[in-house]
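Both complexes shown next keep chain A, but they swap its partner, so chain B is in the first and chain C is in the second.
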Partner chain A sequence: MSKDSNEKIVLKKPLRFKFYFTIGVVVFLIFGSALFAGFNIIEVLSNLDQTFRLLDKLFLPPAWDYTSRIIAPLFETVQMAIVGSFLGALVAFPVSVLAADNFIENKFVNTPVRIVLNIFRTIPALVLAALFVAVFGIGSFAGILALFIFSFGLISKLTYESIEAIDYGQVEAIKSLGANKFEILRYAIVPQILPQFMSYTLYAFEVNVRAAAVLGYVGAGGIGQTYERNLAMRYFDRVGMIIIVSFFAVLIIDVISRNIRKRLV
Partner chain B sequence: MIKLVNVSKTYKNGTEALKNINLEIYEGEFVAILGLSGAGKSTLLRTINQIIPVSSGNIFFKNVDHNTYKMYGDNPDKTIENLNSKGIDVKKEDLNLVDVDITKLKGRKMRIMRSHIGMIFQSFNIIKRMSVIQNVLSGRVAYNPTWRTILGIFPEKDKQIAYRALKKVDILEKTYSRANELSGGQMQRVAIARSLAQQANILLADEPVASLDPITTFEVMEYIKKVNVEDGITTIANLHHVDLALKYATRIVGVRDGKIVYDIEVNSKKGTDIIDDLEKVYGRPIGNQDYVGEE
Partner chain C sequence: MMQTLVSNIPDKPKANKLYKTLIFIAVLSIIIWAFDGLNYKGIMETASGTFSGMLDGFFNPDIEYIKDSTVDGLLNAVLETIAIAISGTFVSGILAIPFALFASQNIVGEKVSKVGKFIITMIRTFPELILALIFISVVGPGAPAGILALGIHSIGMLGKLYSESIESMDIGVKEAIESCGGNKSEVLFRAVLPQVAPEFLSYTLFRFEINMRAAATLGLVGAGGIGAPLIFAIRSRRWDRTFTIVIVLIITVTIIDFISGKIRKKLV
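Right after this comes the complex of A and B.
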């Protein structure tokens, strides 16, 4: 054995000040926000009996016979989600092409398109729905428009990032054939991003089903409207049934959609 | 056929990839461009079809018909004679043969000019999610209206061109396979077929065999040589391996640090002497890593 193998190895640990500082900031933010929002754990615990009373009213037992009257608005909700995500995808595709800076190499095009996309994405679907209800009146049309704008923002953002991440060699090759911009799009870009694009559309659909269930609360059609009406009339057992049926509907749709998406990419 | 005059390329980040290149390439040649990685070989090749625009200088193509941008090469009379013997009716008095500077072309003219120049790549760059036939037919994009190419409906005449191209590289049986099911060597053969479908007069090959195993390397090189000899396609290939250059090329051009430092006809000198010269191009002894090895 050589001599230095017996020597004790002393490594100086790097100071992890930055790490601890970050944790401190995060903890401060969480507690600070709770304090600011008036969240009080004691109040939660002391009102626990109220919660149980409500749960009892909702689910023990739910209004089983009400199921048949939930089906129609539930289908309307799913239809809203389908139409909304389909229209969103339709508009998102050309817009994401304009936003991708490796296809349109012009900042004066990319930047404004991206700014508009960001604005669309910051508006919550519920606010959009309330706005459209005010303009177009109560009903699923307002809901569809809200979901359309919401899916458009979501899909186009994800798609333009996919376009920017493609293998550029294929673009080079198609360009060298003497192809114009449309042909480059058709042969070098669409085949590369199509599976992702379809996956994003399905993902938007999943999110939309969940969002659509709430939109009715502001009068934008679907199951949310039924929910709101029964809650106002204090038919808690019916509300419980709506929650159960919607839960399973969302679950089933999620499972199906996720399975298709897995196969796409 | 091609004449580069004072071509320089400086990238946005300040890298001077090409420094005042002057090079003339003649019809039917097989030019191997050798040099270390980063010497500017890829940039040089890409300026020829203007996939990378030059910073300064001109690239002339000799005897290009000013109406159709078809190339008639160094000896247009012979080219016309060949075309006539294939039943293609061309008369010299109908043509307006001029030297065209590709660096000055824009838009549609640039695209037509490019369509006569084929290009293959180290990473093949065929469209993996499309079938082999669609890939080869994509070589016909510049010959068809955009609506046709977008819908992917090509006329029977173009399909025949594509089938013949696939037959030439012996891969006709894979016509309807998806491109991502192919091996590396097969993918490169499809890429060659795509260039053939372009009916290109020039083939630019950027490290065409660098990601292939030795056996496939020789196979693919044979096809490139076949296309060069049988179809008279002027070929310019960036190569890594000295022995491939000596075996297949008719001329070797050495690039170092963005400049052409060596230029020789392969059969004008003994192979071993050329290898000695190449040590100056590489700035180091030529060793095992510079050979593919025995066939």
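Right after this comes the complex of A and C.
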């Protein structure tokens, strides 16, 4: 306060080194990646007419009369997705209870279960399907197994995070009345997470429908197999029809499922 | 005393019960329909042989392939996968911004935003693998086709998340600039983007994690990355190489998830 009123307070600008360094690293990564992958925007743009030629072959016009032959594999795709997410949810429930650290208060149980779940989620469903096709042969069984493992990992992860976020007061209340572990699960945890659990299962189902539509590309059943066969034989108008039909099927399923999920949670 | 208390508990509403039973029956019949439609032909006789071959391959990694530092080696494939994921995410991160603005109610109004949202949903529904196949016929097989496929497909998710964060931003800043006579581009660069930048970056990183997994599968159809050597190894039943690739893939994805997750926590 005793300072002269004429004296100005000059704030030093903070060092921007870290900021510029980060920008430099990001720019290096982006340009390095493009260079490494041989991505050339000029080449892409100059080939743009090829895209239109292909779209023309696919959709102008698509093979409308092929629709009747697509329905059966389309239903198979949906069935694969339903069975995959249903089985995934069945197994995911007990596993997510084991992974939640507020129910099983034992790090030696939680951690290994979580590591296994993480590993399952890092393997893409398509890779799993390709492996299962090698073991069990071409067909929807391999695809279902792949979807089952994938949805199991997804639902478990989301569910155990929900269990950890529950209102713990209800658990304590029922514990103080002398409830055992099973009763805690049944009356304090399940009622709280059941809507979310069902919502996650539906979400896994949505993802599975999309995944199932392409699993056939490695021979794991569903509409992808029809797609691959027609593409190999260069029936582009049929391929276009398959793309259109599966696109609208996925869109309709998404809308229905999302509306149910909105009501659930 | 106790008796009266207990008898005061109201009955459960009956209509609710009927509704629940009906839904239960509907869901059950859908599941039965799904199981019924699957023609399970039994496991192939060769399955157990293949499986033991796989186990053998799992415990004997393909050291030569790991050491191979040429274009055909493992390191090159992993780097190419990461490069595809980074470039694809970058392309979609840029392309998604105009789509997101077009889909945000507080920028373009309600009617236009509905059209924008529908376009974004359409893009999201289109499988990236099919996009990859389309781009392969445009730029030929290889990483650029994968980059384009990821770049276009990711607009679907990023556009949606971006527009949600634009819609939930503080509108006061925009109004302040408009009241000072700021034009549209000034509103965009001084009010909208500075507010949403951290969230945008966080979503983009999240999408990068997803794209890492996608980039690993694009190679299965010939769009570059580790998927190509993987599918060759599976088709030619070289289980040692197959599992070397799968394990390296798991490790790479886990490390990238970890780093990206750390950065995302700092951002928001």
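One rule holds in what follows: the second predicted complex is superposed on the first by the 237 of 265 C-alpha atoms of A that agree within 3 Å, B and C clash if a C-alpha of one lies under 4 Å from a C-alpha of the other, contacts with A are read in each partner's own complex, and residues count from 1 in each chain.
Going forward, a contact is a pair of C-beta atoms (placed from the backbone, for glycine too) under 8 Å apart; a residue touches a chain by one contact, two chains touch by 3 or more.
Keep in mind the model is a prediction, meaning the values are calculated, not measured.
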Check your understanding: Touching A:Ser68, do we find chain B (first), chain C (second), both, or neither?
Key -> neither
Practice item. Go through the superposed model and pick first if A:Gly137 touches only chain B, second if only chain C, both, or neither. Key: second
**Study point:** First (chain B), second (chain C), both or neither touched by A:Ser176
**Key:** first
Point to revise | Partner, of chain C and chain B, that touches more residues belonging to chain A | key: C
**Study point:** Touching residues (chain side chain B, partner chain A) in the complex
**Key:** 49, 51, 108, 111-119, 121, 123, 125-130, 138-139, 141-142, 146, 149-150, 152, 191, 194, 198, 204
Point to revise | List of chain A residues in touch with chain B within their complex | key: 167, 169-170, 172-180, 182-183, 186-188, 191-192, 194
**Study point:** chain C residues within the chain A interface of the complex
**Key:** 30-31, 33-35, 37-41, 43-44, 47, 50-51, 54, 79-80, 82-84, 86-87, 90, 121-122, 125-127, 129-130, 133-135, 137-139, 142-144, 146-148, 213-214, 216-217, 220-221, 224, 227, 230-231, 234, 237, 242, 246, 249-250, 253-254, 257
**Study point:** Complex contact set, residues of chain A against chain C
**Key:** 29-30, 32-34, 36-40, 43-44, 47-48, 50-51, 54-55, 58, 75-76, 78-80, 82-83, 86, 118-119, 122-124, 126-127, 130-131, 134-137, 139-141, 144, 210, 213-214, 217-218, 227, 231, 243, 247, 250-251, 254
